[in-house]
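Handing you this structure, nothing more for now.
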Amino acid sequence: MAKRIDVSDLDIYYGSFLAVQSVNVSIEPRSITALIGPSGCGKSTFLRSLNRMHEVIPGARVEGKVVMDGQDLYGSDVDPVDVRRQIGMVFQRPNPFPTMSIYDNVAAGLRLNAKKMRKSDLDDLVERSLRGANLWNEVKDRLNRPGSGLSGGQQQRLCIARAIAVEPDVLLMDEPCSALDPISTLAIEDLMTELKERFTIVIVTHNMQQAARVSESTGFFNLSGVGQPGRLIEFNPTEKIFSSPDEKATEDYISGRFG
Amino acid sequence: MSTDLRPDAVAATPARNPALRSRRQLPRFAPTGLFGLGVLLGAGLSAATGFSLTLTVVYGVVLGTLVLYVVARRVEGGRKAFDRLVTCLVTCAFGIAMVPLVSLVWTVLENGVRRLDGEFFNSSMLGIVGEGGGAYHAIAGTLIITLLTALISVPIGLLAAIYLVEYGTGRLKRAITFLVDVMTGIPSIVAGLFAFALFALFSGPSIRLGIMGAVALSVLMIPVVVRSSEEVLKLVPNELREASYALGVPKWRTILRVVLPTSIAGLGTAVTLAIARVVGETAPLLVTVGLVNGTNLDPFDGRMSTLPVFAFYQLTQPGVPPEPAIDRAWTAALLLIILVMALNVVARLISRFFAPKTGR
Amino acid sequence: MTTTDAPPAPPRPRRRPGDRIFAGSATGAGILILVVLAGVAAFLVSEAWPAVVAPAEDIPGGDGLTAYIAPLVFGTLLAAVIALLVATPLAVAIALYITYYAPPRLATLMGYVMDLLAAIPSIVYGFWGIAALAPALVPFYGWAEEHLGFLPFFAGPASVTGRTMLTAGLVLAIMILPIISAISREVFGQAPALHREAALALGATRWEMIRMAVLPYGRSGVIGGAMLGLGRALGETLAVALVLSGSGGITVNLIGQSNPSTIAANVALKFPESTGIEVNALIASGLALFVITFAVNMFARWIVNRRADFSGAN
């Protein structure tokens, strides 16, 4: 199921402002790719352009190519909605739907798209997704309670369950642990390691230890000054980035000597 | 300090050492006490010229403010005294504004309860001269026309609000926002004349229909619905929309299944308040719907009765003897107030009980 | 800022039918509002036109449309201006009281009470005006004629029913009070806390703090609110129709027995019995009212919005 993504010469704009310039990268299937870099360097913008969430913002657009297993995601006949069904996303702050129960939140991707499904199949899917997100044992007795009643870490795992319930090929995670305490963070990191058997995972993180712990490859984003576009400075296996990076800027950032 | 509370004692004390005076302050109970003293003086003054409640209040408030100001000026200095003066004035202004409200509610209650009986709700004015009769036909008419108005206004208003929040961009959005604001200021009688002109163009000038009234009221209600639902929809966090998009849900389904359910309580409140705004409108119905004595429940066939118009004619053209009609008019007015208050209460209940559940 | 020359727009993505229908109907509803507003103007003009071109002697009063509408416009403006003069200071004081003087719990309650005042139907205000306010003011009118008669506003003979221009203006003042005070309350509440605390820290009294930090900030909001109130007062129909005994021509005597009527009240009272050209003349007067209120409201919104741009409150 997991698929490979090739990005070539990708420029990302907000209106006429060039936010990220000429990104070239290949993201391997069944692995975790981490994106690190200082605030405002375009990591999240880049991540959002991978499943065309970027263009939800008025005036935002991209130039260049994002190819997933041979299919150009920005082709003129490609529906962004279909892209997002194949590439799921987990956000910085847990955002379960407040009007829905835990069960309905997990089933939301199917319910909202009015997919018909037998009740027992749906039950199976919800259980499978919640188990996949390591949440089943904690919530199996209260599936009909509102999702917003869970703790922050549980809510985030609920959001992951919701994202994997639609069975995407790729899972994008935008700083999924930044709003969580260390124990919940650990739970999510363990979960990511399990999930990479089935999905291609791309994660944006501010936490370099986290990138070092979970990812196979790491990309370092930086910008040369205020108002300048962000660039992908270096993309290498994680061990290499954290031991002997090719670029001076990467080394400075990782050792805390940047700016 | 207590000697200072008597105005004559203060007057007898000449200005002392300024440094000392600036440090002095009135005790906390003093302002109320001084004001009360002034009111008592006012009561005395009005008693001297033949007692009347209005004069007592007027003299009392003026003298109370004055006494407090003079004493505070002596004791605390000019700046503090001016501050106290403004406090007095602002509080009095509020009191003044409360007088009409209390008087209004009291007057309507006093006159309205006389005919608040079963017959008022059960019978129309068909064949009634003098005593008896009721507003059954008018109540039914008001409910039907208000329902029709809501059926026209809510979809249009809600869709327009969705356009402004979810789709609108650029010049069209700004134009609509601005004109909706301006439209909230259309005089109700002009809305009535518009509906009349619209229908008269096709059916001649003597036409009166319930639906004309609903059209006129819709012109008044739509901008209110748009404005308040727009505010409510803006409160839905963008994160929820993004969560839905990220699941591969198209925009229209996201709006229908995520945005609207999340804001349903606010929308219910907004619509209920908008209905409360138009349910008591009289002028547009006067020129479009008219009045009949019998019960007409078909808004597409001829004149109908409505509660406000019924109240208006019962008061202004009571016939002979006038008293029963005037009593009916007041009861209709009371009913209108009750209706509006009930809608306001319902609106608050909706926002309390249908808000998305959190916690537990 | 890295900018590029306006790049070619990307090809429009294929849109789903559901999205097209939904976006289309939402946009349609928005445009419908513009159409309705244009329709109001168009239909009023079309129905008023016969009165504009009719010979002068056919118009009620026999002196032509201008002579028919002029006293009504005058009465409308006069009543609204009285209302504005009475309501604005009171509304500002009430807004100040609620935002800066009343204890918090009381302030919430007062907010409800003001909302209540705004919710009462206008016809009920008319009833109250006739039954309670007008009789209560009769003694005052007598007194005013006697002692203030040298002013043109209080030249007698004083009305014995109390159904005068001043009474109508006062009823309108009470009706627009909640509107003005609601908007004033909003802008006063938004006055920057830093400025207010700075003023207090300099040793200012509460009033000085309000004068230095709150009033300058809220001024344009109050003006905008007053304009909205004016718009409402100009168009108010039933309260005036009931309270004002209007039949006379132009006069500034506020307490007399014959007063100019207002456009809205005149339409409400005459319309049901009118036929033919009279109806057209009434609609022509309604058109004049539409134009006046439209202008006032546009001006008001312009002021309020300009303030929003400057304050950075959004």
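Letters A, B and C mark the chains as written, and numbering starts fresh at 1 in each.
The definition used in the following text is that a contact is a pair of C-beta atoms (placed from the backbone, for glycine too) under 8 Å apart; a residue touches a chain by one contact, two chains touch by 3 or more.
Values in this document were obtained by computation on a predicted structure and should not be read as measured data.
Using the mean of the Cα atoms as each chain's centre, the chain most removed from chain B is A. Ranked by number of C-beta pairs in contact, the top chain pair is B-C.
Think of the whole protein's Cα atoms as having one middle point; the chain whose own Cα middle lies nearest to it is B. For the pair chain A and chain B, the distance between mean C-alpha positions equals 50 Å. Mean C-alpha position of chain B lies 14 Å from that of chain C.
Listed for chain C are residues 16, each touching two or more other chains.
For chain B, the set of residues that touch two or more other chains comprises 250, 253. Of all residues in chain A, those that touch two or more other chains are 81. Across the complex, chain C is touched by residues 54, 79-80, 82-83, 86-87, 89-91, 93-94, 96-98, 100-101, 103-104, 107-108, 111, 155-160, 162-164, 166-168, 172-173, 175-176, 178-191, 193-194, 196-198, 200-201, 205-206, 219, 222-223, 226, 250-253, 255-256, 276-277, 279-283, 286-287, 290, 308, 311-312, 315-316, 329-330, 333, 336-337, 340-341, 344 of chain B. In the complex of the two chains, the chain A residues touching chain B come out as 51, 53, 56, 58, 81-86, 88-89, 91, 93, 95-99, 108-109, 111-114, 145-146, 148-149, 159, 162-163, 166. Interface residues of chain C, counted against chain B in their complex, comprise 16, 18-19, 21-23, 25-34, 36-37, 39-40, 43-44, 46-47, 89-90, 93-94, 96-98, 101-102, 110, 113, 115-117, 119-125, 127-128, 130-133, 136, 174, 177, 205-208, 210, 228, 231-232, 234-238, 241-242, 263-264, 267-268, 271-272, 275-276, 279, 282-283, 286, 289-290, 293-294, 296-298, 300-301, 305. Listed in rising order, the residues of chain B touching chain A in the complex are 169, 237, 239-250, 253-254, 257-258, 261-262, 264, 356-360.
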